[in-house]
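Every chain is named by a letter (A, B, C and D) in the order it is written, and numbering of its residues begins at 1.
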């Protein structure tokens, strides 16, 4: 699976976009311009970007509470995302959903979810739809290590396996689910090892290496497209920030651990490759960063310029016509 | 783990007791003397009896909808069981529970359950209690192959494992969960193989061989008592009768399969051992059977002689004082 | 006219809609044999005993353009999949700002009376009435069973179909051919002038026979069957009460926060209807106890004609 | 008197009861640090994110003589463990004929107002009021938080403690030392003669400030806080309404089949109270929509002083 220079630059740019978007989101949240709750994707950019690199626009993804990265990697519009975070009428959900419920069915992003593990059954249904449609569309379900502790993980893996559905279970193992350390919560070292219980391949992947992620995901996608059924991919990664941007939940992770993982910055690692392989110069990277920053800036301006929903808009969309 | 003649006779008698109790229960149900629903344990007698052979009175068990055998093997009173099935005031639950909810906390039988998989979390709590009490009590959770398809199976196995609880997960794999064939419902051949996902031993056992069951269970009990944590035992067995005694649910099992398994009758197999080893003669077995039949008869008489609850009794026991 | 059982009427609705619309999919641990035979195992899917997974899968299917019917068996099994029902299926349309449709039918049986004890004898529709985003049907006749189920399948929202298990073999007239019963339209099962009895599911039949009995005493009952709980036909209920001035609500479920509480409240809070109320409202429901197993106790907690008649006499001050 | 926050009051109840009774056990994905420090990880247990398992484990523990407190975090997470709550913990005492006791406290937070959107802003207590076998507390002050939680821990039944998340930092008087607030006893938070306002949780405070405002207009409100929803102090509510003749019920949850419906019904069905009713009842609740994210919409759906005052004027015909 050769990777051309252009594609690598594209992946890099997507990762930087997520990083800048999330930095800005945290800032806006701290400044109280964004209400509610926000879970930052910073540190995990390689997973969303590497996985979605192998997807087509008509493939579908299901996301979780830490979903901004998934949206951006699948091609969501930063403006409508930011507008949703700002609770504006122009947001993806017209201000009804917010960070935990962004969805864009037009690009096959079937929604974030505030309930741990709840996206898994829904993704299985989307994969069944893909199979019944008869094409070769696939589905990716993103979820955290915490979600593997819920019963829905078990039921969904099992169902996808017996029905041989075209789905990739993308577990982002960032070692913690809020205050819960995976090491204390499950008796196995690798989530991927649990795939055996569902007779599906389980692969441990360095989730901070976008090229590794891309390679592993592409393999799983090829399996799924070829009708060979689901795969469980476990991406070892780390979130740089607290569980949420809201500070009420204590961050019980050892500071040295956080530092170690920051050394493994997924963006820094691509930059090294880009430099080593003479694909981009530092200056060109700065240019990309500049472009990304203005895109994020535009998204914020768009959100700020957008109207808030009318109070009575609360009453619509409870039911579809 | 030597087994003396007396104990084998005792196990035999228990199995015959379950068989006769269940035959009688089916008859009474068909004759409409027993209302509601009844799930017959016939065919699986070796499991309950072999497992409980290694338990002390102060050990605890948690049962499921097919629970009469578990009760009897743990030492429940046939009279109070039958009275409960008859909906009498003298029944274990004063007529409030019926077949699916028999419990006898006095002998450590923490209750049957009408919800598939629901006993598993409760049993984990009982095992935690055993651990916190500091003694060497153990807990056995009986459940079917169908229950392994529920999320509670996953969550409970995981929790018991990380907390190293003194519990034996006794899965009675009778190949079906109502209309659901396990072969079609899960992608693995052996439920026991799923124990690996919880870093606990998983053992496949011939569930129709009471000596094998007893041996495997005793090993798991010893592990649990010794503080080494949970074990998953999978007993391959078969129910002889339909899913329930109520005929509405079609029995979709191939008649040849039913026949094959009847050839492996768990009681017939002990009888062979008893004869071969000169422990009992046919005549002595008939005597045991006669004694058991009169015990069951007494239980029915007791039930019939017992008063029905007063209608207003429905209002009590919603809350404990 | 042709008579069908309740169960036959439901099956006919399914078969006809499955013929009409290739996007319909059935999921159940034990799908109905005739449906499986006609439409095959791709569309009529036998699932593992994994309710959360297949309820959620229904939502996923619906979001991708299918029209699933998920049959959970008994209502009590909803509780192992509640999140998928109330946090996902119910809220997803709204949370996503209406950008996608989720046409799903969830079928479950309800009701007591068969000595199945507390877990298996529950009628929990009111719990789901408190969750906006779900629609709820609760048919009392084979005619409504078919017509409401067809409407539910064609509706673009998640609809819970609560089907009373003691009525599966009850027969009733069902016309040949396609018809629907719209969601949100109550049926006046019997007109009368003295007391309005709003009754649900099997209780409609109990109320009707009480109406027959009391006619002899010169008491005229108007029996209203809401047929759907969400949307609930408030206007019809209020109009009847405004006319009779007296209300008895009959439901087999527990009283507290039940559908009967809602019906009482919507009458008591409407100034016009309230101004016509001549007596306090009565609820005839199960008392707040889990349903017991033994027949004498079970019979005691399920509302019956005697209790309904007593409540009617009560509101008439007799 | 000493002032504590709502959260401090809850913690104090826990600490004192954990000192008093060695059989108390705490389970949560993130147990409170002070509790963990004092009582250690055996009794104060960090669980995986497996609510069904640890809720069920609480039931098992209770059946074996322990007195667990299971903290699920937000009320919405109950939905992944509903079966263990409503089919197991709630019914097990009854189904087993009262042979064992199940003293368990389930703590969850409720309430909207923090832009957490539909899943995380739910107040589903009425769903559980429909399930006999559970008791339910819903404190509105630090005093009641402590006193009710102590009663809940000492009670021999499963008790759901719904704690409003917007009130964690609200301060109030809490006496030193041991006291309890009994389950089933409403509090008249303010006496008055013109209109009874029954308000729940945070809405008690809204109702009280409306009472202050309307006093200027010569309108005297009686504010009743039920404090526990099961058992519900029907007598206190009815007595107040019989006195004032007018009722407004204020609850942040959706109206349909909510606690407010039950309160309206229990007033409308009581002949004596009904005979004193001078006007139709009003419910001031959230409309039947999932709670939206964006602040203007969220503020619109949560009942506020303006809506309460309007309802009060409404029942007074002003």
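Worth pointing out:
To be clear about the criterion, contacts are C-beta pairs under 8 Å (C-beta built on N, C-alpha and C of every residue); 3 or more make two chains touch, one makes a residue touch a chain.
Worth saying up front: this structure is predicted, and the values here are computed from it rather than measured.
Chain centres here are C-alpha means, and the one lying farthest from chain A is B. Rounded to a whole number, the gap between the C-alpha centres of chain C and chain D is 29 angstrom.
Chain centres here are Cα means. That of chain B falls 37 Å from that of chain C. Between the Cα centres of chain B and chain D there is a gap of 40 Å. Put simply, the C-alpha centre of chain A and that of chain B have 46 angstrom between them.
Multi-chain contact residues, meaning those touching two or more other chains, occur in chain B at positions 93, 95-97, 101, 113-115, 118, 149-152, 155, 158, 162, 184-186, 318. Touching two or more other chains at once are residues 47-48, 50, 52, 76, 79-80, 83, 87, 94-95, 117-119, 132-133, 288-290, 292-293 of chain C.
Contact topology of the protein chains: fully connected, every pair of chains touching. Across the complex, chain B is touched by residues 149-155, 158, 161-162, 184-188, 193-194, 196-200 of chain A.
Chain contact summary for the complex, chain D toward chain C: residues 52, 76, 79-80, 82-83, 86-87, 90-91, 94-95, 117-119, 124, 126-127, 129-133, 230, 232, 253-254, 256-262, 264-265, 267-271, 273-275, 277, 279-283, 288-290, 292-293. Listed in rising order, the residues of chain C touching chain B in the complex are 29-30, 33, 46-52, 76-77, 79-80, 114-120, 287-290, 292-301. Those residues of chain D that touch chain B in the complex are listed here as 25, 42-43, 47-48, 50, 52-66, 68, 83-84, 87-88, 92-103, 132-133, 135, 156-157. Chain contact summary for the complex, chain A toward chain C: residues 60, 62, 91-97, 101, 103-106, 110-111, 113-115, 118, 120-130, 132-133, 151-152, 155-156, 158-159, 162, 316-321.
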